Amino acid sequence: MTQTTTGRSFKALTGFVSIYGLLIVFALVLIVFSALRPNTFLSSGNIGNLLTSQSITALLAFAVMLPLTTGRFDMSVGYHIGLAHVLMIGLQVNAAVPWPLAALIVLAAGLVIGLINGLLVTRFKIDAFIATMGMGSLLYGVSNWYTDGQQIPGFSLPDSFTGLTGFVHGVPVTALYVAVVGIILWVILERMPVGRGLYVIGSNARAAELSGISVPNYVLGAFIGSGLLCALAGILLASILRAATPSVGAEYLLPAFAGVLLGATSIKPGRVNVLGTLLAVLVLAFSFSGVQQLGAAFYVEYFFNGGILIIAVSLSVYAANRRRKEAVAASS
Amino acid sequence: MTDTQPLLDVRGLTKRFFGSLALDNAAFSLARGEIHALVGENGAGKSTFIKILAGVYDADEGEILLEGARVDPRSQSLPLAFVHQDLALVDDLSVCENIALVAGYPRKAGLIDWRAVMRQTSAIYETMRIPPVDPNRLVATLSTPEKAILNIVRTLAHTPKVLVLDEPTAALPEQDAHRLFDAMRRMRDQGASIIYVSHRLHELFGLADRITVFRDGRRVHTAAMNEITGSEIVEQMLGRAVDLAHRAHAPVRDEEPVLKVEGLVVDRRGPLDFTLRPGEVLGLVGLRGGGQEAVGRTLFGAKRAEAGTITLAGRTLDHQDSIGGRIKAGIVLLAGDRTSESTFPAMSLIENLFPNPLIRGRSAFELVSPAAERRAAKERLDRFDVRPRNEGAMIDWLSGGNQQKVCLARWLEADGKVAILEEPTAGVDIGAKIAIHRMLREAAAAGRAILVISSDLEEVATLCDRALVIDRGRAAGELVGERLTIDGLIALSTLGAPTAAAPEHQAPKGADAPHLGG
Amino acid sequence: ETRAKPFDAWPKSEIMKTMSLDEAKAIVAARTGPQTEWKGPTTGPEATTAATTVVYVSADQSYVSFVNWGRGVSEAAEALGWKAVTLNGKGTVTGNLSAMQQAVAMKPAAIVTSADASALQGPIKQAVDAGIPVIGIHATAFPGPDPETNLFMNIGSDPVEIGAAQAAYVIAKSNGTARLLHFLDSGFAIARLKAEAATEPVKNCKGCTFLEMINIPIADQTRRIPSVISGVIANYGDDWWGTTCCDNFYPYIASALRASGVEPSKVHLVGADGPPSAYDMIRKGEYEVATVPEPSTLFGYQAIDAVVRAMAGEEPAKFVQPTYLVTRENVDKEGGDKNEFIPSNGFACHYMNVWRKTAKAC
Amino acid sequence: MTQTTTGRSFKALTGFVSIYGLLIVFALVLIVFSALRPNTFLSSGNIGNLLTSQSITALLAFAVMLPLTTGRFDMSVGYHIGLAHVLMIGLQVNAAVPWPLAALIVLAAGLVIGLINGLLVTRFKIDAFIATMGMGSLLYGVSNWYTDGQQIPGFSLPDSFTGLTGFVHGVPVTALYVAVVGIILWVILERMPVGRGLYVIGSNARAAELSGISVPNYVLGAFIGSGLLCALAGILLASILRAATPSVGAEYLLPAFAGVLLGATSIKPGRVNVLGTLLAVLVLAFSFSGVQQLGAAFYVEYFFNGGILIIAVSLSVYAANRRRKEAVAASS
């Protein structure tokens, strides 16, 4: 009797962990670090800054996530955001384009870049990893050509532009954009047939085809979405940095992938998903900030980053396996 | 529009795959409210024809007329529904979502209504009068026959004008096949027309109204079903006559059993006892969920036994043995789910024949001569009559039946004492089936013990020396010699179940109960 | 009373456009001599003894110069009984941004940074608004306060002087016949400035030839340099001089030269920054013949001095350590035995006298 | 008659291109650039320099290739080579360990790192991409901890060690190591049952398991091999650079992947393979060197890299498709 009760609660626990593992980790991180650094860790300044800078990572993670629902890698997102932010500043500073027009141009460029990526993958049938890697190199070339490898300082950007990433009633506006984008993506992926189509392609492209889903069009759409998200992230990054450096961007690639893949272990374990991605980005950012505030040696953060990735994923893989085992056992 | 105008009329359909003709000026015509059987040997072009109707492939030439109007399945959505030969299921999505993928997503305010998606599951299983499985179960956790059923029922959600079924019964238990046939008849009576592809010719009599035979990508014959005999169909298919009444039981040898299974419990079902002698072909049949697949997998080391002993050639096997260990000990297994468990896509026929040379007694770091391998592969393709006979071709280029022959060749040619074959001739045409049965008998005669786990009762009846009917992991009965007939098997497998209240439309509770859980 | 806002910028030094052979020889003689004289501040406000934390935002803790400057900051802070925390900008603009944001969130007494200030305008402004002075070490091109980026003070050698020292060495040692290449990462304003200062005199020197300005983004130096060197040898042969913004290129350039079969005595490289590898190569006579090192520890003391002055509301000390040239002859002098440029002017002792109002003999 | 002859020779051409596409590109690169720069492009100095530096990329590409035969990404190779070269110099300079012993230690560390990667993937069932990404971060942490972020100059490295990457009769020794490693890997992958097993796992892991292949052991072995190759590359890199910097390494990751994936379009189209990988690394290096010798602006490299990747892959995808068509036509 007691045995089955503990058995049942253990089951419930593993089920809960496998779905909400990241949320638990997030809560732990918040509790531990705000106990250790009560005055600074949860200060509005720190939260505001973290949310603002992590918004970029979150948007890029979404950009990675979209094609990844269909099982395609987009390795160009890092260089793409770099080009977008260079263009955004460059058009304003060098060509005196008003910022809303510059933003439109950057978004249009993002759409075209996504389209090319998609066409390379669907029409030319190039492996997505390599096509987008090549594309990334081309984009990096364009950034460097446009700037001649030099920084474009944006000393006289209009307040309306720099204010894009400011605060309203103490709330970082950038985080609101991410929330809106997240909700839209969530609705598309979880509540619309087109989103289900993307997931179906990701798990079995052949079955998708036989079910009448036009695989090329869906994949193309995913890459275009990814391009637009990169452009949006680039616009916001330009507003945050207020200066354009062509080398910016590549450093986002791995964190974006880390966010998506770590996120795929929670909420909808085993599949990349919007909420998991957001949670993962937050967990990585807040834990990292906490470690920095503790004044640990600089290399500790690398250990921490690697460690949290591995531990969080093992935990949720373990929980998901247990859960699946129980499901199978129960059904046989 | 006249009454004689066919519902669907296909003319001059030609499809080249990289230059080779899969369909060569093929024609087909489907009348209103008929069940029309489409048959032909492996690679005759049946699936290609169907995929063109479905808009999966583009035809090179030819026209498709639906109710007299020319249509293009590639760009139009037509009132046709398909059950394809390859299971088009998404393993890591739930049952209800796999259903919605084909049957459509019920929506509320433009957004998917997930509750309704789950609700439609049971309604859809009702069309085949089969108790539904838990809508939230992952498809990956379904057994092969359960997947086959799911693959079929989701197409039956809406009554289309035309329903096309490509070998739906290849992995379907006999009882479920009958439920399918009933559903098909009901749909026909409601006015639907059905194209039905099968290699199990005996099913067609009493089911189909007309039959069309394809050979080498062409239509060679169309007839009313009641005006044609089985051997005529086979002659049209193969271009030669074949003795359908093949049945060659070898005298049972009086040797010590090579395999002894005692008290075997798997997945909490059992216990099971049986023995297998060298030279014997033993069939394991059962209801869906009877556990006969699990028995084979356990013997092969792909599943863990919970209790019992397995003795091979006098040696008790360790339940912790790996698959590799069991192969070394002399047990091989041909998996039933060809696409997900047997073939290696994007790899050549050589590599598909010899994926693991270790099982041919080689060591991991031994040099292998490509010329010898090519020779060995060629010889096997010849023996199993695989077409195209090109050992460098990718497995993906072969028709379903030919892929099956390659997988069979992989295992039948491996050394060993016991061969476990799940659905050994699934999707294989009648001519090849007879040839394969002959090869299996030869292998048995040479001293192999063969365990056939098949849902094709006709196959079990003609091929096996002895058959065990498995119910919930236990032997419900045994049929030997003259008593081993299709009728005998059906009788035993339904009577053998304890609560066989409504054998026709209701699966025995005991066997199905687990599927309701989850 | 902390003053975080910068004062007016200092006048910038002029680039020497031309340099005669004699002028060059004079500069070399002056720059290679010992640096015993203390030219820095001898008066100033007293430093607090209260617990004080300074955050060092390093541009990249995997890069020797930034690490050493941070070490200098820690050393000086510890000498006062303060605490220094290092945050790593990981060598990327956005990494620097988030490290700087963290630094601001930690509310320290001051922030010292080696990261490029122009992409950190947002958080620097936040810091200044919160009364936290931000002091740069090579965070912008010129030494002195930087009102444009809100730096209370920027510490560093004078890039114009570094370039001039390199040019002088090249012209003097080649007797006015050098064929010169300059390697830089032109993504950095300071590197472009050094490049101009190092190459202008050579361009205007009669017997010399300026061959090419070669841009190597630091992020892919390891991979790019081998083929860059192939191109250089293909186009100019193996008889040339090289100058650079940053010594970190030279180990890779040396290995590419070796792999191309160029004798170690053929090509002459003159560096800047002075990491241990530069001392090593100069000592062994492997391609590199001279470098203009940065006094890392001194920079740390200068930064803490700026903090002390900011906390007292005073102007930063107007002091820039003169540049120094390390050559094979003086390679073990002025800290060279420790593979680091440590001027022998007793700077630590002088600063302690100022901060603690003592009068020890230094 | 003439029609069939041209038809046949066109067929032969596409077949040839799909297999030897990269070889053709390589030949073209050599011809064009040695015509444009006759005295220098094929000079022994240039070739020696390129072969020496590309040997590192080639070894890392092999390290990426091994787990990729089974469909697993190893994202840790960049940081791994960084750590290996840091250790190799550090042990000699700081701990006065003789170089052969240091090399053994580095190789042992490589084996252990590979083993851990493999165990994370096989026992803990963590997605390889994310497990090795986390591992990479840990390794970077170790490099930085060991060096405290500082450069370790190889003040007194013995000639026997620096000579490891020298020349023998004008031939760069490093290239010989790559040749030996390449031959060994080729034999293992193309001529031994264990190689067949790896490829088969990459094609259908479930079917491989049911063929009696112990998937975890093979994958583990592939990661261990990858770890050893990274260690070897690190030892050679240390001998080439004669100084250790913890930041070295990450920049090799994408070129290594580019080499493997571009290589997968030739020789054995559709599958990662030894000869294709080697050819791809050479093509990328020599073409870039040629462009460099023409005196192109620095950003041209990025265009060039991206362009050649995309063009070479599209070409060979096209040729492979054509060839596939003909193969079936010929056999029926």
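Order of writing sets the chain letters: A, B, C and D. Residues in each chain are counted from 1.
Following the convention adopted for this analysis, contacts are C-beta pairs under 8 Å (C-beta built on N, C-alpha and C of every residue); 3 or more make two chains touch, one makes a residue touch a chain.
Keep in mind that what you see is a predicted model, and the values were worked out from it rather than measured.
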Exercise. Counting C-beta pairs in contact, does A-B beat A-C or the other way around?
Worked result: A-C
Problem set entry | Distance between chain centroids, defined by C-alpha means - chain B, chain D (Å) | 43
Seminar exercise, completed: chain A and chain C have mean C-alpha positions lying a whole-number Å distance apart equal to 37
For this session: Mind checking the centre-to-centre distance between chain A and chain D? Centres are C-alpha means, answer in whole Å.
Result: 29
Seminar exercise, completed: Shared-interface residues of chain C (touching two or more other chains) are 61, 215, 217, 219
Problem set entry | Set of chain A residues in contact with two or more other chains | 144, 149, 297-299, 301
Seminar exercise, completed: Where chain B touches two or more other chains simultaneously, the residues are none
For this session: Go ahead and list every pair of chains that touch.
Result: A-B, A-C, A-D, B-D, C-D
Problem set entry | Residue ranges of chain B in contact with chain D within the complex | 17-21, 300, 302, 322-324, 326-328, 333, 335, 340-347, 351, 354-359, 362-368, 370, 387-390, 392-394, 397, 410
Problem set entry | In the complex, chain D residues that touch chain A | 75, 120, 124-127, 129-131, 133-142, 144-145, 148-149, 254, 257-258, 261-262, 264, 297-303, 305-307, 309-310, 313-314, 317, 321
Exercise. Which of the residues in chain A come into contact with chain B in the complex?
Worked result: 187, 190-193, 196, 199-200, 203-204, 206-212, 270-271, 324, 327-328, 330-332
Exercise. Chain A touches which residues of chain B in the complex?
Worked result: 54-56, 77, 82, 84, 86-93, 97, 100-102, 105, 110-112, 134, 137-138, 141, 267-268, 514-515, 517-518
For this session: Would you pull the chain C residues touching chain D in the complex into a rising list?
Result: 60-64, 66-68, 91, 212, 214-217, 219-220, 222-224, 226-231, 233-235, 248, 251-252, 254-256, 259-262, 275-277, 279-280, 339
